[in-house]
Amino acid sequence: MARYTGFHRPNRPLALYAGAFAVFLYLPILFIPLFSFNAGVYVKFPLEGFTLAWYADLFQREPLQRAFWNSVQVAAVVSISSTVLAVPAAMAIARYRMPGKRAAVSFIMLPLVLPGLILGVALLTLLNGLGVRLSLVTVALGHMVICLPYAISVLLPRFIGFSRSLEEASADLCESTWWTFLRVTLPCNMPGVLACLLMTFTISFDEFFMAFFLSGTEPTLPMDIWSQLRFPQDFPSLLALSTLILVTSFLMVFASLKLGRIGLVQAKEVR
Amino acid sequence: MISLRSVCKSFGRMQAVNDVLLEIAAGEFFSLLGASGSGKTTLLRMIAGFEAVTSGQILIDGQPMQDTPPHLRPINMVFQNYAIFPHLTVRDNIAYGLRRLGTPKAEQARMVDAMLELIALPGYGDRRAHQLSGGQMQRVALARALILKPKLLLLDEPLGALDKHLREQMQMELRSLQRQLGITFVLVTHDQEEALTLSDRVAVMANGQVTQVDTPSGLYDRSRTRQVAAFVGTMNVFDATVRTDGSARIADVAGLGVMALNGCSQGRANGERVLVALRPEGLGLSRTKPAGPAHAVAGQLQARQYLGRRQLLHVKVAGRAAPVTVATAAARGEDPWSGDEGSPVWLTWAPDAVSILDPT
Amino acid sequence: MTAMPLTQRPASALSRFLHRHEAWRGWLLLAPAFCLMLVAILFQLGSTLAMSTWSLDGYSVDRTPTLGNYSAMLGQPMFSALIGRSLVVATFATVVTVALCYPMAYFVAFHVHRHKALWLILLTLPFWTSYLLRVFAWKVVLGYEGVLNTALIGLGIVQEPLAALLYSQTAVTLVLAHSWAAFAILPTYVSLEKIDRSCIEAAADLGDGPMRRFWRITFPLSLPGVVAAFFMMFGPMDNWPAGATLSVVMIVTIGLAGLAFLAVGRLVGR
């Protein structure tokens, strides 16, 4: 009866709006790569010719490279550890009846809606109070707090969609809880776990506020960018760097979102 | 073999299984029959160990098992959706449980081959779940459980997802497999025909309780409650009053007059209101008033249901709102009541077909 | 029939306990994540609250609790003005963003049929990339010598670059809308997607036109998502104008966190 149900008919103004919205979403971001290839120092039209000099310039910058490796290290540690914590948490949320679950879940998800700035300052006060020296470790700790809710929300639909009877079948075939996890749960949910790793890596790598407040003498990449935003002559190199980060982040998150979905479709078929 | 003693399960305030007592003997094909929500699946999952009992005991060979996690119970299960591991081949699925037993690789391969032979799927070893049909997945699930030589095999609506033809074929295979292996089977089903065809004994469940446990024929002939009677087939149920007729007890049924109560009237007081049950097979129908002492009631043939060799005839009787159902068998090539709707008929019944139901 | 060797192995006391108590199994799995959050959030909010009641006496900290800081702050017109402004900006930006994102969510839910997943990924992708870079991008567009100003001058529309572009309420709202679009679109989309299509068909069947159907069926049914979107965004929104006084934001946010807590709870609970 698609004839008289309005929502099956294409709605031209709405489609136009959607297109405009996509432009609004991506256009500002697209200016970054555009100007990173611009020969002029100043970010303005008209463009002054094509150059790769700003990218070459990146390799000359010692502090920037150090910051880059710092970021990679932190992101690697954060993605692995928050995924390790998120997998059991998502499993528990997805399948167990337990009193107080909703409150606990809301609590764990809280950093999702708290500004990173607030969390950063608050964590800083806490660590100061405890007398902990600031370092990349404290940055990683801060990032874990931010990443954990994201990790759980990436994994949760996976585990909700995952047919519980597969695990029951494994237990029924005399496999212990731990081996059931290794032989059935993990392999069946691998796309979700990979998606989670990629997502948390990207979030940690790009995160600025926490890093700003929690790192000691070793800066992460976004902080390095921040500190150079003040110098106009460094702007084009910054654009080049930002382009690289944007492209990598986009690819990783895209892969992560795709992976998460592939897994879900498979899980549905199995059911 | 397996004993359930006052097993209860509640989810919050909902009482899913209430005080179930069952004894299942070794080698028996036992069925839990009930509508959805009757608690039969919860009971099965408690036997398997997927749900903890709220109270009561589950004993297997005299050993209390209610607190043992599922992987340490000598029980295997065939799941309703088969639960074939999607990331493993058929071969690896069947061999799955052998890892724990430490069976050598070569021996494992030999056992899996034997199993593939048993379930008539040789050459399917390298396929995956999504390359199998429903019936094939069902066999793989069966093989995967049987390779561990369990004492008890649980089957959770195993044939529910199959079409009618395949279901009947699988029913026969299941029955002969059970005979061949001698393993105790406990089957959960909502299909009364399946339960009656396959089982040695059937427990009928409703509202979390077992209403009656009996052999299929016992269940049919001696239904204890109206619900059981309705569940295992068609049944005429009448409100009646118990009366004394000399030394014998009789039931007084509105519209049908008196029925003899042979042997099923113990403990019934004079004047007590009871439910009297009469299977359609226990009733007879004729066009003319039958001669002899048999009690006969005049009625009118209202409708008929043709079911092949057998047909159900619905007879309207003066003084009764609902028609009385009669089953008749017809010889080959005959359709004796064809076109007789609306004509007058006479109802008779055999005295031993009458029984009294529990009030519930 | 060989009985399996496994049956002889008794279950350990712990595994028997966990078998019987499902809730404990769940809590055991949830515990590591929960503890991390407990330490990170409860302790820090507590310590911040405590610290805000301490007072500075010369160079040493007087730890007797006092509301002096608060009254001093509330006494200063600048602080209350800042709180007020930040609340107004956040509310305004949130309302605008939700309003802008609703049609987008509606479009994906009802008009995209074949590449739904791709659209959703496309709409949420910018959200996952660095906040700093997104703000940076807007600076490039709206800055004094940014894309928009140079383009406007080049086209001869204005003579002087407009400084107001970057530092106006509109700019703030725009950047916030851009940054948090995903937070607004996703909950709205989910609640739109959940609407039973036959409800709308029934309304059509009963003679409602497209506009009436939208206002009488679709919109009311999608309200939970809109409310969720509003609350989810209102929290993060507030960090923008707060660069000046962290403590003010802190206090406001502690209040907001309570609201956000409820909102997330409702969202997850569904």
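Order as written gives the chain letters A, B and C; numbering starts at 1 within each chain.
Everything below uses one rule, namely that a contact is a pair of C-beta atoms (placed from the backbone, for glycine too) under 8 Å apart; a residue touches a chain by one contact, two chains touch by 3 or more.
The structure presented is a predicted model; accordingly, all values stated were derived computationally and were not measured.
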item	value
Distance in touch steps, counted as few as possible, from chain A out to chain C	1
Farthest chain relative to chain A (centres taken as mean CA coordinates)	B
Centre distance in Å when chain A and chain C are each reduced to the mean of their C-alpha atoms	15
Inter-chain centre distance, chain B versus chain C - centres from mean C-alpha coordinates, in Å	55
Per-residue overlap in chain A, given as positions that touch at least 2 other chains	97, 174
Of all residues in chain B, the ones touching two or more other chains	49, 69, 71-72, 100-101, 148
Multi-chain contact residues (two or more partners), chain C	4, 6, 22
Of chain A, residues touching chain B in the complex	97, 163, 165-166, 168-177, 179-180, 183-184, 187-188, 266, 269-271
Contact set on chain B toward chain A in their complex	11, 48-50, 69-72, 75-77, 79-81, 83, 85-87, 96-97, 99-101, 129-130, 141, 144-145, 148
Residues of chain C defined as touching chain A within the complex	4, 6, 22-23, 25-30, 32-34, 36-38, 40-41, 43-45, 47-48, 51, 100, 103-104, 106-108, 110-111, 117, 121-126, 128-134, 136-138, 140-141, 143, 145-147, 149-151, 154, 178, 181, 197, 200-201, 204-205, 210, 213, 231-232, 235-236, 238-239, 242, 246, 249-250, 253, 257, 260-265, 268-269
Residue numbers on chain C that touch chain B, as the complex places them	1-7, 9-11, 15-16, 18-22
Chain A residues within the chain C interface of the complex	1, 4-7, 10-11, 14-15, 17-18, 21-22, 24-29, 31-32, 35, 42-46, 85-86, 88-89, 91-93, 95-99, 101-119, 121-123, 125-126, 129, 141, 144-145, 148, 152, 174, 199, 202-203, 206-209, 222, 225-226, 229, 238-239, 242, 245-246, 249-250, 253-254, 257-258, 261
